[in-house]
Each structure stands twice: as C-alpha cells, then as structure tokens.
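Note that subunit A is present in both complexes that follow, paired respectively with subunit B and with subunit C.
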Partner chain A sequence: MKRWIAIAAVIAVAAVLPLLLNPTGYWIRILTFTLLFAAMAQVWNIIGGLANQTSLGHAAFFGIGAYTSTILLLKFGLSPWIGMFAGGLLGGIAALIIAVPTMRLQGHYFALATLAFGEVMRVIANVWTPLTGGPGGLSVPFMPPSVAAYSFKQLLPHAYIALIALIVVTFIFEAIRRGAMGYRLRAIKENAAAAEVIGIDTTKVKLQTAVISGVLMAMLGTLYAQVAVFFDPDTVFSAASISIRVALIAILGGVGTAIGPILGALFIIPVEELMNDLFSASAAGLSQLIFGVILIAVILWRPRGFITVFDAMVARLSGRAGS
Partner chain B sequence: MSESALLLEIAGLNAGYGEIEVLHGIDLQVRDGEFVCIIGANTAGKSTILRAISRLVPHVTGTLRFAGADLAGRASHEIPALGIAHVPEGRHVFADMTVEENLLLGAFTLRHQPDLPARMDGVFELFPRLRERRAQLAGTLSGGEQQMVAVGRALMLQPRLLLLDEPSHGLAPKVVEEMHDAFTTIHRRGTSILLVEQNVGLALDVATRGYVLESGRIALQGSSAELNQNPAVRAAYLGI
Partner chain C sequence: MAFLQAIIDGLLVGGVYAVISIGLTLVYGVMGIVNFAQAEFVMIGMFVSWFAWAYLGLDPVLAAPLSFAVAFGIGWLVQGQLIARVLKAPSVAQIFLTVGLLIVLENGSLLLFGSQFRSVTTSYQTQSLSLGALFISVPYLIAFGMSLLCGVALWWFMRTSWFGRAMRATAQNPMAAQLMGIDTALMYKIAFALGVGLTAFGGAVILPYVTVFPGVGGQFVVLMFTVVVLGGLGSVAGAVVGGLAVGVIQALSSLVFPIQLQNLVLFIVFIVVLAVRPQGLVGASR
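The block that comes next holds the complex of A and B.
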C-alpha cells in the first residue's frame, strides 16, 4: 500500500514537471529525451537484466522501428500510431532471427554477436537507398497537428508520450520480473544446470525475452522518429549513441532493477547535454572526454549502480520515519 | 517371486560428448519400486548414464524407455513432467533464492498444484532442518543443507524415479549417513531410485541391486548382497 502511494507520488511529480518548463525551450527537449532513453534502457533491462544477456545491438530494433513507421507514413500516409505496431512486429521478427543463433552464447560472445548485428543493420540502411533514403536519411513529413496523426506544434505532448511509454515499459518489466517468467529467468541466471533438470525450457524463455525486448525497442524507435523529425542510418542504428548508451544507462543505474534505468537516464542524458553545452564551443571533443571521465568515476564509486545510493537513502528515510 | 513392472529400460546405450564416446553398449533396468545403484571408479561414466536419461548428453544412441514412453527425441525440459527427477552432481541450488522458493521451483512443471503445501510438508518431514531455514537464502546454507534442498526440490515433483548423482560427495560423514537414511525413507514411501555413488560401501548398504561400471561398460551386476560378497568388488572398491 505504502509502495503504491510512493509510486503514484513519483508519477504525479513527473506529470507536473513538463508543465513547469518553457514549452518551446531547451530543457523540455532534454526532459523528453531523458524519459525516452529511460524507457529504452528499461526495455534493454528486460534482456540485459532479467535474462542476463548483455545485448550491444539494440539499435537494430530501434532503427527498424524508426524506419518502419516513417516509411509507412511517407509512402502510404499511414499514421505513426499504426506504424509503431508494424515496426514492433518487424522488431520482434528481427529479434527472433538474431536470438535463435546467438542465445546459446554467453557473456562477451553474445555482446559481440549482437553488436555485429546492429552494425549490419546500419550498413543495410545506408546502401538500401530506394527504401531508406540511404545516408541522406529520412525527414518525417509535416502533418496538420492532431493526436491521431501523431503530430504536434510543441514538444510538450512528446514529453508526455515519452513519460507514458516509460511508465508502460516499467510496468511490463516489473510484471515479467515478478511473474512466472521472472522466476524462470532467475533460475537460469543462478544455476543453468539446475534450471534444466527441473524442467525449464531455457532456450524458449530466453527467446521470449529477446522478442519482447525487440518489439518494445522498435516501438520506441517510432517515438524517437516523431520527436527528432529527421534521422539517418548513423543516428538510429548507432552502436555508440544507441546500443551502448542504453546498456550503459541501465548498468550505471542498476541492472535488473526497475528503478535503475530511470536513475541512469536522469544522470547520463542531462550530464552529457550539459558537458556538450559547456565545452563544445571552447574545445570540441573535450566534452566527450570529460563525460567519459565522469562515467568512469561513477562506475568506480558505485560498481553496482545508482540503485545502491537510492536504496541507502530509502533505508535511511524509512528508518527515520520509524523512530 | 513376482517381478514388478519395468520402469526404466536402457538397452545398447552409447553416449558421449563430441568425438569422445563415454558409454559403450549399456544395458540397465530399474523395476517399479526398486532402489538401484551404479558404482565404479571416477570417469567410468556413471554420471553420463543419468545425464543421458535426462537428455543432457548431446550424442546418444540406443534404447531409452521410461514407463513405456520412448525418451529419444525428447528435450531435457520435458523429462521432469514424465516423472523423472534428477539431482545433479555438485550442489546445484538457486543460491539467491530462499529454501522455499527453491522447493517451489521443483514443482514448477506441474500445471495444477493444489497440494504444494502438503508436498513441501513432506520434504520438511524428511529434512526437518529445512523447515527451520525455509526463509533463508539457499546460498548461505551449509553443504549438507544445500544437498537437502537439491533433493527436496526433486521430491516436490513426486517423481516415480529419482536420479541421484553423487549425493554424498564432499559431505561430512555424519551428514552422509543422514542423507542415506533419507534415501531409504524416500524409497520406502514408494519412489524408485537410481543412485550413482563413489562410496561403494554406502551405496550397497542402501540399494537393493547394483551395477558396476568400468570404462563405460557394465562389468558386473547383481543384488547388493552378491556384490558385497564379490571378491573383485571387495578388492577394487571396498579395500578389503
């Protein structure tokens, strides 16, 4: 009960926050991307945290989603809301195709195989010019603003859509974690041999996880396309700024926990923006270096993520309330 | 003496990993209600027989039948539902889960499980120490207690056949004795057991019949009393 009140309070604060920001300003954009990346990291967390398979190729599904809805809109005038589900379907199929041969791999081998898959998708999008527009990228056509057309004059609705997406994927993550599937995944993670002999179909559970994660990641790709309005293969299929970044957000925040990716995104996205803002004019490249140093320092300080700081704070607060 | 029905039937079993064949033409049967042991030196292939039954060995040829059902072509996760529970070698517990969660996961393949509390009580009766530690994380238990969890988890399935792989390995002598008493009780309650054991003396004490495995072949078989009296067994395994 107490827990639900806390969750409702956090959601209420998050729902009011965008209203306090200048609707055409810089910070609402950062907030939107922070929420979107938190959702992406949460989706990564389903496979990376619950199934313990560190994917470095989630840009593949993200890009598939962005391209699918945008191409359907450009060629057939289909609303991105529908295109989002079409992208989700293709993302799920792609996840299945990559998961079947790679799921038996573990650790670094799985990470490298998925990294390669993301890069393959980037190369394909770059050369398949008739469909994707090639390296020139795609512009999302401007539609008369309406909810049905997923087109808005301001960023505010996008911020709310990203917030809703984050809430939805967080609930999906928690439902999996606490459900029968979560138990199966925990059993596999803790002792694969014992999981096998009690009758858990390890391959099937891992495939299910991969597909769920792939579908959701592709759907978030549509959200990104609608906010960004323009994108090219090197942005949406990027290993560094999508695949590795979402993994980093989840790991830095606290892998395998529902709150981890949210804490990670709240830190990484604004800090990275701030560094770019502060240093890019004076010395290009320096901002990335400083950002890297901050990340290393944080990981050395809290190897298991911000969640440990968060847990300590909650423990102290509830201890004080109790005394 | 009327013989009970054949529960497990293995004939002409060859099994191995990759290029290496470990088992060569194994014939072995377990009748309903029997307590059978497989003894032999390390690397004789004892565990591989159990792993072949559970479909955990990649290359298997020959006949493997359980209660009339052909085990060939089945995936390893389908085996528990047939009524075979496997306690693998080395204490394979889910370390970050409580004792209770470990036990519940043992009955995980059963779709309708109204009697889970009763089944868990059955396990606690057998291993009273687990009742005391039901909320404790399995990884924090002693070696013997972890082995009790692994056996208890298998019993949650109420299997027709229990496969035990080196259950006393690395345990203190007193715990080993306790463990073997438990096996006798499990057998008396009606579960057939196939036990793989390095400790030949103990195995022949609890089991009614045994097979001696040497370099992947059955070298000898007979009742425990016969094997106990066999000069070759006495010389090689009992050190007498």
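The block that comes next holds the complex of A and C.
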C-alpha cells in the first residue's frame, strides 16, 4: 500500500512539472527527451536487465519505428498513431530475425552481433534512397494540429506523451519481472542448464523478451520522429547516440531494476545537455570527453549502477533504526 | 583479371587488418576482455606517425615503432589504472568501461588536434609495380611487409621469450600461473600494452594511403571485430587468417556492389559467422 502511494506521488509530481516550465522553452525540450530516453532505457532493460543479454543494437528497432510511421504518413497520409503500431510490428519482426540466430550467444558475443545488426540497418537506410530519402533524411510533414494527427504547436503535449510512454513501459517491465516470465528469466540467469532441466524453454523465453523489447523500442521511435520532426539514418540508427546511450542509461542507473533507467536518464540527459551548452562553442569534443570521463568514473565507482548508492543509504538508515 | 587483381589487393590490405586485429584477440585471449576502444589505437598510431612525419621528417612507415611505443605506454597505464579494476566485474561493466575509453580517446584527440583530415605525401605513394597485367600498389606492399615483420616478431616473442610463455600460461590458467611465481597483473599489463601497441603500429603503416582524423577509428571497429570473430576470438593465428579473409571479402565485394554496400557485406558475414560458428572458422586454438 505504502509503495503504491509513493508511486502515485512520483507520477503526480511528474505530471505537474511540465506545467511549470515555459511551454516553448529550452527546459521542456530537455524534460521531453529525458522522459523519452528513460522509456527507451526501460525497454532496453527488459532484454538487457531481465534476460541478461547486453544488446548494443537497439537503434535498429528505434530507427525502424521512426521510419515506418513517417513513411506511412508521407506516402499514405496515415496517422502516426497507426504508424506507431505498424512500426512496432516491423520492430518485432526485426527483433525475431536477429534474435533467433544470436540468442544462444553470451555476453560479449551477443553485444557484438547486435552492434553489427544496428549498423546493417543504418547502411540499408542510407542506401535505400527511394524509400528512406537516403542520407538526406526525412522531414515529418506538418499537419494541422490535433490529437488524432499527432501534431501539436507546442512541446507540452509531447512531454506528456513521453511521460505516459515511460509509465506504460515501466509497468510492462514490472509485470514481466514479477510474473512467470520474470521467474523463468531469473532461473536462466542463475543457471541456464538447471533451468532447462526443470522444463524452462530458455530459447523461447529469451526470444519473447527480445520481441517485446523490439516492438516497444520501435513504437518509441515514432514518438521521437514526431518530436524531432526531422531525422536521418545516422541519427536514429546511431550506435553511439542511441544503442550505446540507452544501454548506458540503464547501466548507470541500475540494470534490471525499474527505477534504474529513470535515475540514469535523469542524470545523463540533463548533464549532456548542460555540457553541450557550456562547452560546444568553446571547444569541440570537450563535452563528450567529460561525458566519457564521468562514465568511466561511475563504472569504476559503482559497477552495478547508482541504485546501489540508494541501497547502501537505505541499509545504513535501517541499520541505525534497528540498533 | 579484375578478380585476380582484387584478390591481390585484398590480401595486401588484409595483412594490415591482421596486425591491427591481433591486439584485440590477444587481450581477449589473455584476460577475457573485449576492448571496444581498440580501434581508437589505430587513430593514435596514425596521429603519432603523422606528427613524426610533419615535424621530424620521418617516413610514416619508419615512424611505426614510435607509434607502437606511444600506444604501449598508454596501454600500460590504461590496463593498470582502469581495466585491472573490472577484471572480475560483470561483463556489462567491462563493455561499458571500454566504451567510455573509446569516447574519451576519440574526443580527446578531437580536442587536441581538431576535426580536419590530415594526410602525408611520400615518394612512393602513387607508385605501383606491374606484374604482367596486374598491378601491385607500392604503399600496400610496404604496409603488408611491415605487418608481416611485426607478426613474425610477435610470434617469436610469444614462442621463445620467457614473457611470451608466461603470458600464454596466464591465459590458460591464471591461478596455476600465479602459483608458479608469475606476476599475472604484470602479464595483463604487458598483454594489453602489446595489444594496443600492435594496433597502433598497423595504424602507422597505413598512413600513406589512409587520411587521419579523430573519428577514423570508427571505420575499423566492425572490421576488426569481424576479423577476430572469423578467426575465433582469442586466437592469434586465427586473426591472421581472418584479416586476410576480410581483406579479400572487401575487395571482391567492391567488384560486385557499389562502394556504400562494402561494409554491409562485411556486417552480414560477421553476423552469420557469429550465429553459425561463434568459436570462429579456424577453430579454438590459441
């Protein structure tokens, strides 16, 4: 009960916060992207945290989602709300295509295979010019603002959509973690051979998580396309700024926990924006350099994420209360 | 004829790929770490060589030992200060530590050297030897020769020197090696420093035909992983075969496909090999 009150309080604060910001300003943009990246990291967390498969190729599904809804809108005038589900379907199929041959691979090998898959999609999007517009990218056409057309004059509705998306994927994550699938995944994580013996179809369970993660990531790609309004293959299929970044957010926050990706995004996205603002004019590369240093420092300091800081604090507090 | 020409070019370029990638496979073989930042040492090797050419008047190929030495020093520090701390950490921490290193190295060089492209001019740059109807590019040939030299030296070091044997012992069983009085932490430092040194050496010898800029490492990342996965991650002999194979695959695919698709072919080969034979085509011999 206490837990639900806490969750409701957090959501209420998150719901009021956008209203306090200037609706056309800079901070609402950062907030929107923070929420969106938190959702993306949460989706990565389903496969990266629960199934313990470090994917470095989630940009593949993200880009598929962004391109599918935008192309459907451009060529057939289909609302991005519908395009989002079409993208999700294709994202799920793509996840199946890459996961079937590679799911048996462990740790580094799976990371490498997915990294290459993301790059394959990027090259294809660059070359298939008649469909994707090639390296020149795509502009999302302007529609008269309405909810049905997923078109708004301001960023505020986008911030709320991103918030709802984050809440939805977090609930999906928790449902999987606490449900039968979560138990199976934990069993596999502890000891794959033993899990097989007690009758868990390890390949099937892992495939399910891969497909769920792929579908959701593609749907978030549509959200991104609608906010960004313009994108090209090197942005949405980027290994560094999508695949690695979402994994990083989840890892810095705490892999396999529902709160981890949210903590990670609240830290990384504003810090990155801030450093870009402070340094990009004076010296190219400095902000990214600092970002890399912070990343290394956090991994050396807390290899299991920020969440361990809170755990340690809670342990200390409750220890003191008990004595 | 175009086919034979492609094979020759592919083998010559592939020899360099082998040396660049041996470092990656060596580090994995000895301590089980996949260094995602390895390709950045190609960039470091190229920059060292470029500065040696521009300010000391050294031929970029002759500056290769200097590139090796600089990267060796950086590698020694990186292993001792950073990698050593995550050897027992979960693989995600290892992956992302080296990803962080990649970001630092690439942006550090952007900060120091700026984003412009730099190239060298040498007397032999555009020369080629003719062999009947076939041509052998002189810079390719020199780079291949230097790589061969480097590979043989490494082989000799690993086979005959005490350090080489101690390193192989550490790779096989660190606990037993430690009991035999081998300082495994030192072996890890040597392995990592040697690995990135070789990669930087490979970067220096290709400078006559590749321009250098801070992001140049990105062009080699998937290529290097394809090489080591083809040969079997951890296998030095495999990396040589993998390097030559990747060179030939690249050259042949450029006969059939437009240049933009050259990497696509490589990526697909990479994924297929990982899926079908993750232990590598050559087999798991160290």
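Keep this in mind: the second predicted complex is superposed on the first by the 311 of 323 C-alpha atoms of A that agree within 3 Å, B and C clash if a C-alpha of one lies under 4 Å from a C-alpha of the other, contacts with A are read in each partner's own complex, and residues count from 1 in each chain.
One rule holds for everything that comes next: a contact is a pair of C-beta atoms (placed from the backbone, for glycine too) under 8 Å apart; a residue touches a chain by one contact, two chains touch by 3 or more.
Note that the structure is predicted; figures quoted are calculated from it, not measured.
Undergrad: So, does A:D277 touch the first partner subunit B, the second partner subunit C, both, or neither?
TA: Neither subunit B nor subunit C is touched by A:D277.
Undergrad: Just to be sure I read the superposition right, which of the two partners does A:V123 touch: subunit B = first, subunit C = second, or both, or neither?
TA: After superposing on A, A:V123 lies in contact with subunit C but is clear of subunit B.
Undergrad: Per the contact definition in the header, classify A:A187: touching subunit B only (first), subunit C only (second), both, or neither.
TA: A:A187 contacts subunit B only, not subunit C.
Undergrad: When the two structures are overlaid on chain A, which partner does A:G285 contact: first (subunit B), second (subunit C), both, or neither?
TA: It touches subunit C, and subunit B stays clear.
Undergrad: Where does A:I200 make contact in the superposed view: on subunit B (first), on subunit C (second), on both, or on neither?
TA: In the superposition, A:I200 contacts subunit B only.
Undergrad: Once the two complexes are aligned on chain A, which partner has more residues of subunit A within touching range, subunit B or subunit C?
TA: The partner with more contacted residues on subunit A is C.
Undergrad: What is the shared patch of subunit A, the residues that subunit B and subunit C both contact?
TA: On subunit A, the subunit B and subunit C contacts do not overlap at all.
Undergrad: Under the touch definition given earlier, write down the residues of subunit C that touch subunit A in their complex.
TA: So the residues of subunit C touching subunit A come out as 28, 34, 82, 85-86, 89-93, 95-97, 99-104, 106-111, 114-115, 214, 222, 225-226, 229, 233, 258, 260-261, 263-264, 267-268, 270-272, 274-276, 278.
Undergrad: Per the contact definition, I'd like the list of subunit A residues that touch subunit C in the complex.
TA: Touch list, subunit A to subunit C: 48, 54, 56, 98, 101-102, 105, 107-109, 111-113, 115-117, 119-120, 123-124, 126-127, 240, 244, 247-248, 251, 255, 283-286, 288-289, 291-293, 295-296, 299-300, 303-304.
Undergrad: Over in the complex, which subunit B residues touch subunit A? Could you list them?
TA: Listed in rising order, the residues are 54, 56, 75-81, 85-88, 92-97, 101, 105-106, 108-109, 150, 153-154, 157.
Undergrad: State the interface residues of subunit A toward subunit B in the complex, per the touch definition above.
TA: Result: residues 183-184, 186-187, 190-191, 193-194, 196-202 of subunit A touch subunit B.
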